[in-house]
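The two complexes that follow have chain A in common; it is paired with chain B in the first and with chain C in the second.
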Partner chain A sequence: MNFKQSTTAAYIFLAPALSAIFVFFFLPVIAAFIISFTDFDIYTLGDISTLRFIGIKNYIQLFDDPLFFTALKNTFYFVIMAGPLSIAVSLGAALLLNSKLVKFKSIFRLSYFIPVVTTLVAVAIVWRFIYHPRFGIINYLISLFSIAPIDWLGETSTAMPAIVLMSIWKNFGYNMIIFVAGLQNIPEDLYEAASIEGASGWQKFKSITIPMLAPTTVFISIITMIGYFQLFAEPYIMTQGGPLNSTLSIVQFMYQEGFKWWNMGYSASIAFVLFFIIMIGTIIQLKFQKNTE
Partner chain B sequence: MIKKIILYGFLTITSIITLIPFIWMLGASFMFDGKASVFPPIFLPDPFTLVQYQTLFQRLNVSQNFFNSLFLSISVTIVSLFFNSMAGYAFAKYRFGGKKFLFNLLLSSMIIPSQVTMLPLFIMLKYMGFINTYMAIIIPGMANIFGIFLIRQYCLAIPDSLIEAARIDGATDFQIYRKVILPLAIPILVTLAIFSFMGTWNDFLWPLIALTDDSMYTLPVSLANLMLEHTKDPELMMAGSVVTIIPVIIVFLVLQKYYIKGIMMGSVKE
Partner chain C sequence: MKLIRNLFIITLSAFTLLTSSCSKKDDGVRTIKFWAMGAEAEYVTKLVPEFEKENPGIKIKVQQIPWTAAQEKLVTAFASDNTPDACQLGNTWVPQFAALKAIIPLDDYIKNSEQINKEKYFDGIWDTNVIDNKVYGIPWYVDTRVMFYRKDVLEKVGYKNPPKNWAELLDLAIKIKALHPKEKKYAIYLPTNEWAPFVMFGMEAGSSLLKDENTRGDFSSKEFKEAFTYAIDFHKQNLAPIGFSQVTNVYQAFAEEYFSIYISGPWNIPEFKKWMTGNLADKWMTAPMPGYTNDYPGVSLAGGSSLVIFKNSKHQKEVWKFFEFLSQPRTQIEFYQLLNNLPSVKQAWENPILKNDPYMQAFYVQFTNVRATPKIPEWEQIAFSKVQQYAELAARGAMSVDEALKNLDKDVDQILEKRRWIIEHKNTN
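Take a look at the complex of A and B:
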């Protein structure tokens, strides 16, 4: 088969998937970029001729909008707290499961992993009741230590930490699996050599495990960061963004502006700022990886 | 020995803590109204009742939402398996102009958050008359980049000699895909099927936007709506959560080997 025949055959195989991706993914991305420079609203939805280009006005308005900065701050808080914590929990669980002393690994792995596959909306509802100020399990647990009940989701100071805790519980199993795979790829003889030279467990962890896991860790931090910046369902179900917007996330802000108030031009500019933040975050982490190599 | 006991103790306790929300959910879903709102919390229903499930299916018509979720998850899975496997195979086993460019374009666009596409997609599907229909969910799910990569990764390991042999026997390109590649790729197809099924079943934001009638809602959207009306009915809401979660748990438990493999493969660096 020559190159020309091969190209024709390949494009026939690619056509369905690529046309779907171009029409329903790339085209909307480009359209969103254009819409973010217009005043697209509910009237435009009915009559496209009312559409006006307004330059970067949406972006200017965005940086004057205190609600946007609230959403930005909350989302960063969530990513910075939940990201590293969930990765640490994942690594801890992976190390435990990788220990040679442990049998029945699959049972423990299964119970750590179950939250990952379950429907986010459903478990967010369960956690809403777990955080219930009068009857919730969490308040029962802290009452055993004589701590007074806390209205977790009703106070501005505790609502976001409560969502962080729930998200760690929901997600750590996923990264745990990737860490286990990474740990199994570390050659056994490295540890043996270190043992012969009298290295302690901690020394081995610090100078073999951590460096050998670095590529895995970078991969995990990138996908975790991308996922966490898209925070939406947890606050939508548990707090509706409250109290006093203390859990309003960027995506929820975008959703409200776009699909509740139909300020679609404005909403598109929010989506692009989110995209930009995720892109910068990814580039920084990739740079970081290059530097450590 | 002591080390071992501590290790097992720790693993057991943390496993139980991880599962507690589900245990409470299951217990409360079998309680009468008001029985789950007690302090300290109880986990076992006494007396046991199915009244919450009856309310869900008879009065609140959740069976329609269950059907929507099931139908959409299966449809998206079948269509996307077909589209992704063809594209993944082409990327793995064909030489063609623009291959590198297309591949890198797809790879780098994986960081674009799907929320960016939602506004134009909504407008587009509205003009096409697809908002609030099953098509609104199926169309954007027809192909996905991660799926294409997963298939490609797997197909790279299939020896070229098998394909060449089939070609010498006179097989057409499509026959090779159908008769040689697909049977060999069954493990990765199962993996991808689980990802698609669960992804569609669990999805929330897009169905929330694209489906506007109670009778069209998927389970998560319906559940979220119910939550706003029944904030004070934990027993009913727990039954709703159980109904939503059970199918994905079953799929996962039966096929977990494939699912775990898929996660590990997805993390392989290029």
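Take a look at the complex of A and C:
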């Protein structure tokens, strides 16, 4: 069997998967990229002759659209707040779960993981009740300390933090499981050797756990960042982007433009801007990891 | 290997099953695919057997689509050539599907029909279906917004009758607010995530909302500015709760006198009946909208759902028969009893079931003065995203009324850019 035969065979085996990816991923992406340079809208759906190629006008309009910057700002705010916080919470929970002192580990692991597998829509609706200004449990609890009730989802200053809190609660279980796996991969003898040398708990954490977890942490932060940039369902259900667009995310903005108002061209350009933002974020994180190695 | 073979066989047999069930048997029976939304779909199936008995050659297949995803589903169906024969459309959607050229004008059918013609319907409602002098939809059921109010609270402040004009409504609101100076209670609920009252006040003041063949916003006009200021002042004077999330359950809030006036539609009647029980049961009523000065009732929105026929349908004549069936006063009353959807045919309102219902009187009066919002596909975007956005900004005091309306016009002009281009294009050709 020569080289050519073997590569042909490989291509044949790869063909089903590749063609599926091509048809269902690359083609739509290419089409969307082309559409982002047109004014594809509801008139175009009815009569293709009204399609106009407008160059980068969508992108220019986008960078002139105050709503886009509001959405961008909100999304960054969410990623920067919720990202590190949720990773920290996941790591904390993982360390606790990994501790030899904890009993009934599987029960804790299960209960921390339940929010992850619960439908986001159901969770968001329940949290809407928790945040309710008049009947919510949070306002009841703070009223015990004689703090005036807060309209969590109705005030521009508290709506996004409220969504951040909910998202952390909803998502930390997933990263926690990955961290637990990472922790279990750290050889026990490293800790034993450190203990013999007289290292304190904090020193062991700083010099063994953190560096050994570095690859896991990079993976988790990239996955979390990508996920959080695509923030959609939480504000969609809890606030509809309000009040005063203070929780409008980029994806929600894109959805509104595309599927509510049928400005497909404009919507596609939003998608590509988001794609570039996520790509840049990922590259920065990968660079950062290489430098620390 | 065995597993793969089995999988292959399963897939193959699934395919044959699918294709065979799709293949048509020609036994002279025409099957109409009818899409309806939400609860309407569930209840219209109860009317279908009667129609099928009267018309042995026609079968109706009703498919339910959820309201929230209806528009997406219909446009996707259109894009992939999978539209049903007929469908129920919210009448503000008719312009969108007419622009898509997905639905057909029904004038020829109406001309030859005894059952369906303009005179049998409320003018304002019928007009929502007329685009460029062609009728694209038949009103199926109707709705509009009226005032829901607390009789006991109004009587307490000396109002035996609901307010008849804007000045009275404002005076009433101030008096209700004065009843609870210390408590966090309000007179009226005008949430900024409902554009309807803002637009209704605008139309009542005489604004046409858009100008130049609906290609530019006209919100900075004197008329709209007056109406908008009037509505925003309820928020500024603390007569209405600002924003919308403070009230997650309007019915409960209404029962607790958190507010005493709410502008809403017939879909809320069963809900209010459910919440206003015991000694509250006779403490609320509906009334037509107050007029600007002496005109009563004031303008409200021409809402409801229309029946449309899709261009790709091969059984348009049969569909029309079904529409005629649904438009009989008898069927309309039956449908009202099933689902509380108000009949579109005026004759049905003579029926004692509606005539003797005290809550329905306001609606009947209101339907004589309902108006369609601008009949262009972009209207929903203008109303839901822009009018609401600037109403909220103005209500919260983040912008002055002048500033809000100027920005509203600017945004609306941008949304309508394509429409301007198409109309100019048409005129030059």
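As a working rule, the second predicted complex is superposed on the first by the 275 of 293 C-alpha atoms of A that agree within 3 Å, B and C clash if a C-alpha of one lies under 4 Å from a C-alpha of the other, contacts with A are read in each partner's own complex, and residues count from 1 in each chain.
Convention: a residue touches a chain if its C-beta (ideal position, glycine included) is under 8 Å from a C-beta of that chain, and two chains touch if they have at least 3 such contacts.
Keep in mind that this is a model prediction, so the values were computed, not measured.
Clashing of chain B with chain C is the outcome of superposition onto chain A.
Of the two partner chains, chain B is the only one touched by A:Val251; chain C is not.
Put chain B and chain C next to each other and count what each touches on chain A; the higher total goes to B. Legend: residue contacts after superposition of the two complexes on their common chain; A:Leu101 is shown touching chain B, with no touch to chain C. Using the contact criterion defined above for the overlaid structures, shared-chain residue A:Leu14 touches chain B, although it does not reach chain C. Applying the stated contact rule after C-alpha superposition, one finds that A:Pro243 touches chain C and leaves chain B untouched. When the two complexes are overlaid on their common chain A, residue A:Pro161 makes contact with neither chain B nor chain C. Contacts of A:Tyr43 after superposition on the shared chain: chain C is touched, whereas chain B is not. Shared interface residues of chain A (contacting chain B in one complex, chain C in the other): 45, 128, 132, 134, 259. Residues 71-72, 75, 78-79, 96, 99-102, 193, 243-246, 248, 377-378, 380-381, 384-385, 389, 392-393, 396, 398, 415, 418-419, 421-422 of chain C are the ones that touch chain A when the two sit in their complex.
Per the touch definition, chain A reaches chain C in the complex via residues 39, 41-43, 45-47, 50, 52, 128, 132-134, 151, 153-154, 239-240, 242-245, 256, 259-262.
Within the complex formed with chain A, the residues of chain B that make contact are 3-4, 7-8, 10-12, 14-16, 18-22, 24-25, 28, 36-41, 82-84, 86-87, 89-91, 94-97, 99, 102, 106, 109, 111-124, 126, 139-140, 142-145, 148, 167, 173, 177, 198, 201-202, 204-205, 209, 219-221, 223-224, 227, 234, 237-238, 240-241, 244-245, 248-249, 252, 256, 259-260, 263-264, 267, 269. On the side of chain A, the complex with chain B involves touching residues 1, 3, 6-7, 9-14, 16-18, 20-21, 24-29, 31-32, 35, 45, 93, 96, 99, 101-102, 107-108, 110-115, 117-123, 125-130, 132, 134-137, 140, 143, 169, 174, 177-178, 181-182, 215-216, 219-220, 226, 229-230, 232-233, 236-237, 251, 254-255, 258-259, 264, 267-268, 271-272, 274-275, 278-279, 282.
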